[in-house]
Amino acid sequence: MMLIKQFVSGDEFTGFYLLKEVEVKQTSGGAPKEYLDIVLSDSSSYISAKLWDASKLDVETFVPMTVVKVQGLVQTYRERLQVKIIRLRKAEEEDNVSITDFIRSAPISTEQLVTTIEKVISEMEHAEIKAITTYCFNKVKDELYAAPAAKTHHHAYYGGLAYHMVRMLELGKFVCEQRPFLRADLLLAGIVLHDIAKPAEMNSSYGIVSDYSNQGKLLGHIHLAVSWITEAAMKLEIALDAPEVLGLQHLVLSHHNLPEWGSSIQPQLPEAVALHYIDAIDAKLQMVEDTLHTTPETEEWTPFIRGLENKAIYRLPLK
Amino acid sequence: MMLIKQFVSGDEFTGFYLLKEVEVKQTSGGAPKEYLDIVLSDSSSYISAKLWDASKLDVETFVPMTVVKVQGLVQTYRERLQVKIIRLRKAEEEDNVSITDFIRSAPISTEQLVTTIEKVISEMEHAEIKAITTYCFNKVKDELYAAPAAKTHHHAYYGGLAYHMVRMLELGKFVCEQRPFLRADLLLAGIVLHDIAKPAEMNSSYGIVSDYSNQGKLLGHIHLAVSWITEAAMKLEIALDAPEVLGLQHLVLSHHNLPEWGSSIQPQLPEAVALHYIDAIDAKLQMVEDTLHTTPETEEWTPFIRGLENKAIYRLPLK
Amino acid sequence: MMLIKQFVSGDEFTGFYLLKEVEVKQTSGGAPKEYLDIVLSDSSSYISAKLWDASKLDVETFVPMTVVKVQGLVQTYRERLQVKIIRLRKAEEEDNVSITDFIRSAPISTEQLVTTIEKVISEMEHAEIKAITTYCFNKVKDELYAAPAAKTHHHAYYGGLAYHMVRMLELGKFVCEQRPFLRADLLLAGIVLHDIAKPAEMNSSYGIVSDYSNQGKLLGHIHLAVSWITEAAMKLEIALDAPEVLGLQHLVLSHHNLPEWGSSIQPQLPEAVALHYIDAIDAKLQMVEDTLHTTPETEEWTPFIRGLENKAIYRLPLK
Amino acid sequence: MMLIKQFVSGDEFTGFYLLKEVEVKQTSGGAPKEYLDIVLSDSSSYISAKLWDASKLDVETFVPMTVVKVQGLVQTYRERLQVKIIRLRKAEEEDNVSITDFIRSAPISTEQLVTTIEKVISEMEHAEIKAITTYCFNKVKDELYAAPAAKTHHHAYYGGLAYHMVRMLELGKFVCEQRPFLRADLLLAGIVLHDIAKPAEMNSSYGIVSDYSNQGKLLGHIHLAVSWITEAAMKLEIALDAPEVLGLQHLVLSHHNLPEWGSSIQPQLPEAVALHYIDAIDAKLQMVEDTLHTTPETEEWTPFIRGLENKAIYRLPLK
Amino acid sequence: MMLIKQFVSGDEFTGFYLLKEVEVKQTSGGAPKEYLDIVLSDSSSYISAKLWDASKLDVETFVPMTVVKVQGLVQTYRERLQVKIIRLRKAEEEDNVSITDFIRSAPISTEQLVTTIEKVISEMEHAEIKAITTYCFNKVKDELYAAPAAKTHHHAYYGGLAYHMVRMLELGKFVCEQRPFLRADLLLAGIVLHDIAKPAEMNSSYGIVSDYSNQGKLLGHIHLAVSWITEAAMKLEIALDAPEVLGLQHLVLSHHNLPEWGSSIQPQLPEAVALHYIDAIDAKLQMVEDTLHTTPETEEWTPFIRGLENKAIYRLPLK
Amino acid sequence: MMLIKQFVSGDEFTGFYLLKEVEVKQTSGGAPKEYLDIVLSDSSSYISAKLWDASKLDVETFVPMTVVKVQGLVQTYRERLQVKIIRLRKAEEEDNVSITDFIRSAPISTEQLVTTIEKVISEMEHAEIKAITTYCFNKVKDELYAAPAAKTHHHAYYGGLAYHMVRMLELGKFVCEQRPFLRADLLLAGIVLHDIAKPAEMNSSYGIVSDYSNQGKLLGHIHLAVSWITEAAMKLEIALDAPEVLGLQHLVLSHHNLPEWGSSIQPQLPEAVALHYIDAIDAKLQMVEDTLHTTPETEEWTPFIRGLENKAIYRLPLK
């Protein structure tokens, strides 16, 4: 079966893909007809596709997150590839395909990622930090197997959030070795907690975010995580003004490093400074890696990357 | 006894005043001697004063927040008035003066202010909003009699925070009458809660802030208040994701109206929009009023006001 | 007759509506044909509509601001409702409908609004302020019955400008009672004058702005209003440097509260500070109210509101 | 007599200078005494000076803008030169010196500058533009002989405003020759009018600004000039919405080229674009020239120049 | 033959034009067909055009930068003129037309422009400045006959870069006469060098930029020009830290006048200040002139101009 | 000998210290006398000190960067410690002290640091990258033993630049292992070259920067480094447009990650993104570490740190 990333203009293909997005539209000409404006995806990439002259049944059948069998033609439209769908049907049990075969996911199995994070927590020596981190981690553990780290910016795929945490934990340990004045438990707990409420901020399935939750819009994941730490401390009977509660809440609150403008808080603990920059380097390099990965290797330049000040990345032909 | 606001260059006076600030300094000339660089205050205003050739005993005796009897001379220095102290002693019991006679305070008694706020809370109809507001209010009620609303910006005096709340509650009720689609309980609770954690953010006595607390610096009063609402809900067994918890936390979080940049949250409820602008109008007009009040009436222009984009206010001679 | 706000996908309807906007477009398919891309409106809301295969006569007949009888079908297109027009004709005299039945307008009759403003002016005690305000008011009185306060931002409907003034006058009086150091005549005159030149800045009919005038683009309504005050003073033989002229011009000039950067002027009178914040709170709350009003009640969130930092408003399900 | 610009540390000198600024200060040591903190100036530069142990008489005698005879010693203090005054007296009639000998002034006589401007106006062909320009010019003609263009930024000396106009008129004519689509009368009138109200915005004598007027602070010179054009049109019975009034007001309003943010207006006529950039180039190059002129030639770098983004200018040793 | 600038809706015409841009698109209706979305241009202006039902041969034949014979119909679409192409063929030798007849170009022949620049260089007196300028100039001399100064902003046509240089050289000489403290050789060399690497930054033909080069994206024309000066100095055996190398590199580096933020350099030589403002005035006035030139004279307002803060220019009807 | 970091108010001490800064000032009282305003330093910290009644000889003897023997008294002045000098003399040969005993320096010997960097370069596999890096490195190798990385921001001490490089090289290698798509030679060379021209930008001795060089002000270290790469390529006969030259110049140019605003270049290679964030994390954590190190351990909060948005760091009392 042909991977989407390998499509070339003129290809005719048949295979299974995932309907990542589906919109019903009408042609604007004489007697307007309905058609489906689709985003097909597999584990390698995604592509725009059209099903012209869609029947009522088509509209009802082909909803987002459905695996389908497609016969299609690859064309060029406005300098981008696009699929004209010739035949389309839902995958059936006999086809023996599963949605998880068609989604992008972290390069390491999420079971392994979650285990790694649990191991880091279990090795913490500071009892209260360990307890609070465990409490918050358990609130989302089940969702962590799938949750992405963001809607589009970076690590936007199955297991992306856990993958982001694991990479940051590796970097965090290395930096603590370089600079022993950093308190490792505090920094590693900050890494685990800084984005821990993202699964409550965004509604997602199979690593694909559909939208933000009401809580997500009105409070945001940072303030949710801060509330979870309050909740954990109350349940664990740790004083709300204990240094470890103050420290963990400060790390979460300040990790975006905003200017002191109104309610925002900037890093004022060494570990908070470290957390911000470890988060930044991991997120930015992952954006670069993901974009290079989904850009055909024949392209010298990737598309523009929003999170990198909207710049593209160049494949420098170093020998 | 002469009020500081009435001092004119050349006056010689004797009276009781408060040592609001005291710093020990050394003259820079030949054989350096110690002197005290003082801010004297009373209920009308404040003024810089010097006690030259301070003895060891003077340094130990004259500490901030002491009421003293001063014989002094009013001079002009760098276009501003300043007092040269001739004689100075601590007030004694027989003098029959109290520190509260010398501090600036809200124009309404703080007992009355606190009673007014309690009445507004007691009249709320929404049971959970009323309960959460009561819980948080009681955490600081004792401090509210004295607490200022800010270190210098606005309402920076005895009872200033309660006064700010009461004025905002009046405006809030008026706006709810103009626009019945606003839910009064939610808005009024938001007004009570938006700055409720300020007494925990700043260390103050008699309405004068000495510095920020560690909690204040690391979390800020907004996030403290949000945590208090979480705490209240847990104690009161209200679900943490109930609409009233979400709504009150959103009002507090968004009242500085920051751009959506990282962790910041902007108003997304009608009452949150109202809260922000009611807070703004009350704070800004109070800055104007306070500055006019402490500026001698012979001055056409007040000093520059930081919170008003550093502009001065002009006394327009309208007939 | 069905109100636009009540339309549901699948409805078929017949009724009278206003052609708020009409654009002639061509289908992009094979042999391109003309069609009309229309915005229909009534007093409740507005909706996009298409007339396919428009004849030359259609193009000439159906121009903006015409009341028409429509038979149409409500469809969903790109997640929004849209009308496919089946039959369309101009309203005739026998239909007994008037354009004013189909426009959005302030919730209070504009006659009443204008009368209210006149009453406030007539009660002013400062003779020159009253005379200047009257002079400027009379320049636009006839247009005030219809003029909107803005093209889209807020109060963008029939009588919107007068409604904005009246609400601000109510707030202004309340604030003057709270804070007697404010000079009511100056503030109330400033409220009347701050947007008084908007009818000269924007071309509108029935409260709908078609475009900005050349004067509006080259000078802007603020500088036009300042010139009108100069003109009024000259006609009334008031010195151009009299405090009341200076004060009123300053209130108008500074009401957007810009940083002192080049030619911009920031509030430096107490009444100018009050004017700015009263304008802000009224405009922002009206944006919220208008948007909630035109959003179907089945929607949890309104569309994004430009003037509120592009945030949406949430209908919090408080019991 | 030694010019200030030529002073070297260690010099002892006697001569006549102008007291540009005088402040009475007190020494901070043991028994504080008064001294005068002075800025001495002549036509070449200015320098800080101290008169220690000032008597009451000294304080009364030595006020700003007095010409004095000074015997002094040049010393270095904080890496800058400073004068210790040994003897000081007011200049008397027999000394035969005049204040105009001690002020910095434009390099061309102001009589000549004013004549040049009048000639440019007299050669305008467009009757109304010529009449309006003449009217406004005559309002300040008497002050133009002395008025500076700014307090400190550029052309801050006797005749500086007229000098700025003349240089801009030269550039304006050259640009009109390069680009005949520009209407010379409109551009040249804009050059004359753009800063015409500066004498009403700032109080100055002999080209030295002491402070801003109340009108200057509350309205600013740009809006004053716009009002003058309105006044001129009314007196000359030119319609207030005639293109020439609109054009001239637009040129004045937009010459600072602010972003469209609230009340500000940006250039939207070709001549308005030209005016902004001609103003900029003349002001910036004059800052450079003035700063190089008042910096001792032994210095490689000038002081930082606020109007040039706070950068210093380097004397590149090109052979 | 009809010039594009003279087209009026309804015109039918036959003539030769240049295919400036061609994109293959598909109609979105029923059975999608290909059509060509074209930009036709001649020396007067440009216009959008469509060739419906394009065959495979059409797609291969009609590529950008081809001169064609067109029979077409001028229509109005979305308030703009557009051409419906009826017949289309490539120009043949017998047609006796050349691509250079159809491109916009500087109003002076580029031969003359290049000669003028060479003359200015040849008259320089400072040997090293002259040698470095000559070296860099010769690197691009052949390209200067055609190169535009920008992709769209200003002087975006055949010979535009040379034209920009010549105009700036005229202004530069005038300013040096006004202000003799400016060193003419340094300033004029800076004018020649400031944009000299633009031909290496952008790929263009006949004055039309197709895209940026990889060097252009990764280094930018400013840093390329700085490197060329290094290269020139090494070849000419001038020390890399000689004042003339330093001066010329500084002029190039600082000509965009950025705030000192990281690697950016602001003008710190008098000639660098002059260069920045001469560049600005020439570029901005040319944008105005070009936009007026390509806007039909019947339009009161030009389109918005990006480089002028996105403002339009008004044709003020001065008599 | 007592370390400065251990000074407590009231201490009297005798020992050797370095005169890091010396300024001659005058007392402002009656008969002004000269005194020396000094910064004393040793390897642990630095402190302000005064020598009252300085003689002419004192002024000539005690110049910056002299090692002296001091008898002094530690006092508190404006809440900070300060030394009143009782006796002072230059260190003599018999004292057997060397300036290097009194300067702050990197925690690893600079010989070791330089050797480490050379080893990394020697292990590069890409011949041209290795050659260019070696060429540039050798230009400053001798200065690298002492050069600081900045004037005050971070690594502002003896060997600070080499220390910054070494730490970044460690991090760079770790990140390359985490993410094998990064080309290690390019990234490591970028780390060596990104600040390589700092010794030419700043004049320093013993790790203390006295000022910026003229080259530093006019071109800046980034553009100097880019020129050195051009110079290296020419000497090594590598084409100036070879990918390795382009890549290295891009890494240097973009490492401050400026928005694309005029001449500035942002990271567009994966290694450039990595370089920017590795530079940031190392610089910021070093600021934190250095500030904690020089702040007495009795202080809960450090002073404000400019490079960290002017925030202080808190010593959280985690058990």
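Observations on the model:
So that you can tell them apart, the chains are marked A, B, C, D, E and F in the order they are listed, and the count of residues begins at 1 in each.
The working rule: a contact is a pair of C-beta atoms (placed from the backbone, for glycine too) under 8 Å apart; a residue touches a chain by one contact, two chains touch by 3 or more.
By chain, with names taken from UniProt: A, B, C, D, E, F = 3'-5' exoribonuclease YhaM family protein.
Every value quoted in this text rests on a predicted model; they were computed, and no experiment measured them.
Least step count on the touch graph, subunit A to subunit C: 1. Counting C-beta pairs in contact across E-F and across A-F shows that the higher total falls to A-F. Distance between Cα centroids is largest for the pairing of subunit A with D. Centre-to-centre separation of subunit A and subunit D, using mean CA positions: 60 Å.
Taking the mean of the C-alpha atoms as each chain's centre, subunit A and subunit E sit 43 Å apart. Of all residues in subunit A, those touching 2 or more other chains are 27-30, 214, 217-218, 246-247, 257, 268-269, 312, 314, listed in ascending order.
Across the assembly, chains come into contact as A-B, A-C, A-E, A-F, B-C, B-D, B-F, C-D, C-E, D-E, D-F, E-F. Within the complex formed with subunit D, the residues of subunit B that make contact are 27-30, 33, 52-53, 75-79, 84, 300, 314. Every residue of subunit B that touches subunit C in the complex is listed here, in rising order: 126, 167, 170-171, 174-175, 178-179, 181-183, 186, 243-244, 246-247, 257, 259-260, 266-270, 273-274, 277-278, 280-281, 284-285, 288-289, 292, 308-309, 311-314, 316-319. Interface residues of subunit E facing subunit A in the complex, by the touch rule stated above, are 23-32, 214, 217-218.
Listing the residues of subunit F that touch subunit E in their complex gives 214-215, 217-220, 222-223, 226-227, 230-231, 234, 240-241, 246-247, 249-250, 253, 256-258, 261-265, 268-269.
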